[in-house]
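Multiple structures are listed underneath, in structure tokens.
Next, two complexes with chain A in common: one pairs it with chain B, the other with chain C.
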Partner chain A sequence: MVTIFGKPLLLLYGQLTLGLVNGAFYALLSLGLAVIFGLLNVINFAHGALFMLGAFVAWGLLTYLGIGYWAALIVAPCVVGLFGVALERVLIKRLRGLDHLYGLLLTFGCALVIEGLMRNEFGSSGVAYDIPHALKGPLNLGFMVLPLYRAWVVIAATGMCLATWLLIEKTRLGATLRAATENAPLVQAFGVDVPRLVTLTYGAGVALAAFAGVLAAPMNSVNPNMGSNLIVVVFATVVIGGMGSILGSIVTGFGLGIIEGLTKVYYPEGSAAVVYVVMVIVLLLRPAGLFGRAA
Partner chain B sequence: MRLTRRELMGSAAAAAAATILPVGRARAQTPTIKLGVLTDLSGPYKDLGGPVAVDCARLAVADYAAAKGIAVEIVQADHQNKPDVGAEIARKWFDQEGVDVVLDVPNSGVSLAIAGVAKEKNKIFMADGPATSNLTGAKCNANTIHWVYDTWMLAHSTGGALVKSGGESWYFITADYEFGKALQRDTTGFVTGAGGKVVGASQYPFPGTTDFSSYLLQAQSSGAKVIGLANAGLDTVNSIKQAKEFGITQTVAGLLVFISDVHALGLETAGGLVISETFYWDLNDRTRAFSDRLAAKVPGKRATMDQAGVYASALHYLKTVADMGVVAAKADGAATVARMKAIPTDDDCFGAGTIREDGRKIHPCYLFQVKTPAESKGPWDYYKLLATVPADEAFRPLKDGGCPLIKT
Partner chain C sequence: MSFGFSRAQAVALVALVAVIIVAPGLVYPVFAMKVLCFGLFASAFNLLIGYVGLLSLGHAAYFGMGGYVAAYVAKTWGLSAELAILAGGAVGGLVGLVFGWLAIRRQGIYFAMITLALAQMIYFFCTQASFTGGEDGIQQVPRAPLFGVVSMQDDMALYWLIAGIFLAGFLLIHRIVHSPFGQVLKAIRENEPRAISLGYRVDDYKLLAFVLSAFLAGIAGAAKSQVFGFATLTDVDWPMSGEVVLMTLLGGIGTIFGPVVGALMFGALETYLAPFGDWVTVSQGAIFILCVIAFRRGIVGELGNRLRLVL
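Moving on to the complex of A and B:
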């Protein structure tokens, strides 16, 4: 049997694949964060809570309205996106022009309130959401059995990341968005309704989080803590990738997933810390992040 | 982590109000007995202990103390699965708020800290939630009673049954703290004692791990026949679910599974698991009667063995208080615990039993198999009984624990 540092090669392949699955979530979530940070300059700490809301909305749609997974993939992000729009209009908008810290504190508070309410309602074990019938069952890759659903997660997440990237980099809407990021008053002078653009961008970023939430729902139990477990790693991803860099978030998300996967083989006790070790190294060598531009 | 500060302040405010009230009555009446339920109100063990554990303590008060005219007050707090936080709360309870007994504490690491505080302050710790057998072993003391179960009992019952049915090589997936390590150690003892071997283990960070697929794959590639899950609560739920998804064909042994976990998993996934518990709501007429009384307070819930333990241990404590008198019981924790050991226990959840010299509560242990969806006849109809380990064999023999209280 071929081994690398005493571990069978086949096992490593398995871990790399799992790393991709986790990386898919890091990428999707940090992408939303990067978009929001880019335009709103808000460090959206509520992102994890909104991710969790996405999963719960998908569960609610199925349980109360009988709406299945595929429809939920579209409906749940819309619902949570609308919630995000309301959040932006009612609260976040009022902090425009203030220091980053205010936005951070506000969204962190929102996250606590949302998570607390959900925990009160559903307990911490949460509820179960079944894998859709078409994606049930295993996929034999030769070196491992990958649940079909996880393969789908990687595909769906990659597709969504690509679509978002194309939208921002290659379309007119994306160009306006990027222009507004650079110089909002000038874009406004051209007749673009910047406040509405900002609101919609926040809504879209939140919808991305909810989309990831729906993807995550069938994997682990849908529980109120699912977002807070993930969000800190996702922030590290954004920092490593370079604040506000779309491509950086995507690449770093997948990369970190893989590094974490390998750590779980060689030193499982350290798997929770490895992301931060990487962050420290990157910040020492490239303070603006891997893909960030120095200010 | 977040809710807690508010809850703490809430309970502190309630406690402050309460300390004002009795002063006026103190001359005419005997003092109030104060029970402190210290549990996980926000983390992975919330559903196996948590708010329902507090309800169970209330039920014990309603069932017994009211009729005997003992005034009882209950306070609650969240230990956040952090030993320092738990010890701090217990210290405050004992020193400033007149709490006499700490109950529950589902988390072995926190429980060892609380046992130390109870001894230092000469108060009482009724350990219902924690698993580590060190509580009645090297770390035992005269102020602590370990009620429901422990790692030795689980290893002996579940581990023993699996080794007997051919599972001679094991790989452990272990929560990296006191409980996981104790459970792995005790199970390893039975596996190797029966001629089996342990081929490896992954110790994962606790709390905070939700994805176990990586460890499951390592267990799979190790070639072990049995994957032993030395974890609990939400972690066990996720491990079992993911083992199913990754097409793992080895026997997955949940060494500590609560009925709340089975409820969360659903019978589709959990069906067939072999597990050990000391309480099940549908075991006999008495357990059903208890469960109906609880359901009247908390609709749609069945107690876990941890929660049932909070009820039973609170009940036994109150009986002892009635026997000794409130003033004497409040004065000396160790003397009250000694009295509790002298009086035989009897409650609806665990039946008749005793408390051993080292603080170990003795009762039978049941080996269950989780029903498949086809076998289950209704909500919460989850277990069928495979075997009963009699009370005198269920727990580690007194002489093997190394408890310093035992003079040999």
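Moving on to the complex of A and C:
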């Protein structure tokens, strides 16, 4: 058997792909957080809960309406995005001009409400969501056997990340968004409806989280705690990467996933904590984050 | 009155002491002790958010570690009550020293996220370390005798000890806030760059405040583990960090008495809603939203504002 540093190569490949899959979720979620923070100056603590809601909407679409996975990939983010728009209009909007910390506390409260309601309805163990037929089964790459669904998650997440990056960096809408991030009053003076832009940005960021939720639905069970388990790691990702750069968020997310996968191979006990260790190291060496600008 | 209390605060303090004295006759003493432990925990947290403007989202780490350490030394080493609780506070303060040193490198929202992430590290440590007992926690912790001689088996005996610890911690926090050191903390909260330009070593002040807060949180957690006779992962997990924020927000951030009132409301809410399962979480979230949208001063802050008093 081929080994690398005393570990079977196949184990290494397996954990690396799993790491890439986790990294895909970190990247998608921290990307949404960064986009929202850029314009709203709010750290969206409800991001994990909305990710979970995306998975549950996909499950509900299938169970009650018979709408399958592929349609859910589009419909669920739209539904959760609309919910996000309502949330922004009704609650978050009222905090403009206040200390950033209130936004964090408000969205924390939203996360508690959403998760509590879902736990009441579905219990802590959650429900099962099948892998769509076309993505079942293994993919033989010659040097390793890869579950097809994992490959799909990495590809879909990467595609979505790149699309978001292109939208923000290369389109006119993205240019307006970046301008508003830099100086909202000035952009407003040019006749752009900034409050609407803010609402739509929140909706889009939330939709990204829901998209990740649909991707995650067939991986494990769809359960009310799936978001809160993830959100703390995503916060660490954001601290490590800094929220200044879109590409930075993507790279950091995937990078951390891979590091986590490698840790599972070489030091399994430390895999749950390795992201935080990386965070500590980055804080010591580059306090502003890898891609961040000093405040 | 000396000690930095205004007249209104002195009246409120007398009322608080009176409530503490009559409370065990009115409610179940264990409930009263739980509220006192939470009250000290929230007051310690308030020292940071209320007087330095630092939002720590990881205070469960110090509270929970304090609980584990006190439970461990009381059960395994057979230490007396005051030593076990002090040991819990010392470890809480030590963890706070390391985490505070790391977290004060960033400001605002990043500070909050870093404290949360570091606290989660402690949580994972506690799930795996052998001394914490993993998922089971440390069970059947004996109530250690005070100074090794005064038995604490009776609820009322323990109640007076917990009340004493609470009052000592509460007065210490009041003293800190009203000392020259506390004035500098408030200056940092109001305008950090100006405090720096006035020549204050802002990071040293922040770190010392952080360590004091973590120490007192550790004391509170240690006291709680003595009251209930166990230490589990619940006290070290992130929902506990959220709950202490809620107590402080509800009672009034930056008021001396607010966190105590918040802890009482929270304790009552948790106890009376306990049969309804996850509705506790839902109502906590709803209170968070309500407080942030409409009630940012909290109960005591609002009261003080109406009466034009600093409470």
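Definition applied: the second predicted complex is superposed on the first by the 288 of 295 C-alpha atoms of A that agree within 3 Å, B and C clash if a C-alpha of one lies under 4 Å from a C-alpha of the other, contacts with A are read in each partner's own complex, and residues count from 1 in each chain.
Everything below uses one rule, namely that a residue touches a chain if its C-beta (ideal position, glycine included) is under 8 Å from a C-beta of that chain, and two chains touch if they have at least 3 such contacts.
Owing to the predicted nature of the structure, the values given are computational and were not obtained by experimental measurement.
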Problem set entry | Combined model on chain A where chain B meets chain C, clash or fit | clash
Exercise. Touching A:56 in the superposition: chain B (first), chain C (second), both, neither?
Worked result: neither
For this session: Give one of first, second, both or neither to describe whether A:239 is in contact with chain B, with chain C, with both, or with none.
Result: second
For this session: For A:261, select first, second, both or neither according to whether it touches chain B, chain C, the two together, or no partner.
Result: first
Exercise. Can A:26 be said to touch chain B (first), chain C (second), both, or neither?
Worked result: neither
Exercise. Taking the superposition as given, does A:119 touch the first partner, chain B, the second, chain C, both, or neither?
Worked result: both
Problem set entry | Which of chain B and chain C A:283 touches, first, second, both or neither | second
Exercise. Which holds for A:147: it touches chain B only (first), chain C only (second), both, or neither?
Worked result: first
Exercise. Regarding the shared-chain residue A:69, is it in contact with chain B (first), chain C (second), both, or neither?
Worked result: neither
Exercise. Taking the superposition as given, does A:101 touch the first partner, chain B, the second, chain C, both, or neither?
Worked result: second
Problem set entry | Clash-bearing segment of chain B, relative to chain C, as chosen among 80-88, 260-268 or 278-286 | 80-88
Problem set entry | chain B/chain C common contact set on chain A | 112, 115-116, 119, 269, 272
Exercise. Considering the complex alone, what residue numbers of chain A touch chain B?
Worked result: 8, 10-11, 14-15, 18, 21-22, 112, 115-116, 119, 123-126, 128, 131, 138, 144-147, 149-150, 220-221, 223, 225-226, 229, 261, 264-265, 268-269, 271-272
Problem set entry | Parts of chain B lying in touch with chain A, wherever the complex brings them together | 2-3, 42-44, 46-47, 50, 176, 202-205, 208-211, 213-215, 217-218, 221, 233-234, 237-238, 241-242, 245-248, 260-261, 263-266
For this session: Under the touch definition given earlier, write down the residues of chain A that touch chain C in their complex.
Result: 37, 43, 91, 94-95, 98, 100-102, 104-106, 108-117, 119-120, 228, 232, 235-236, 238-239, 269, 272-273, 275-277, 279-280, 283-284, 287-288, 295
Seminar exercise, completed: Within their complex, chain C touches chain A through residues 55, 102, 105-110, 112-114, 116-118, 120-121, 124-125, 127-128, 238, 242, 245, 249, 277-282, 284-289, 291-293, 296
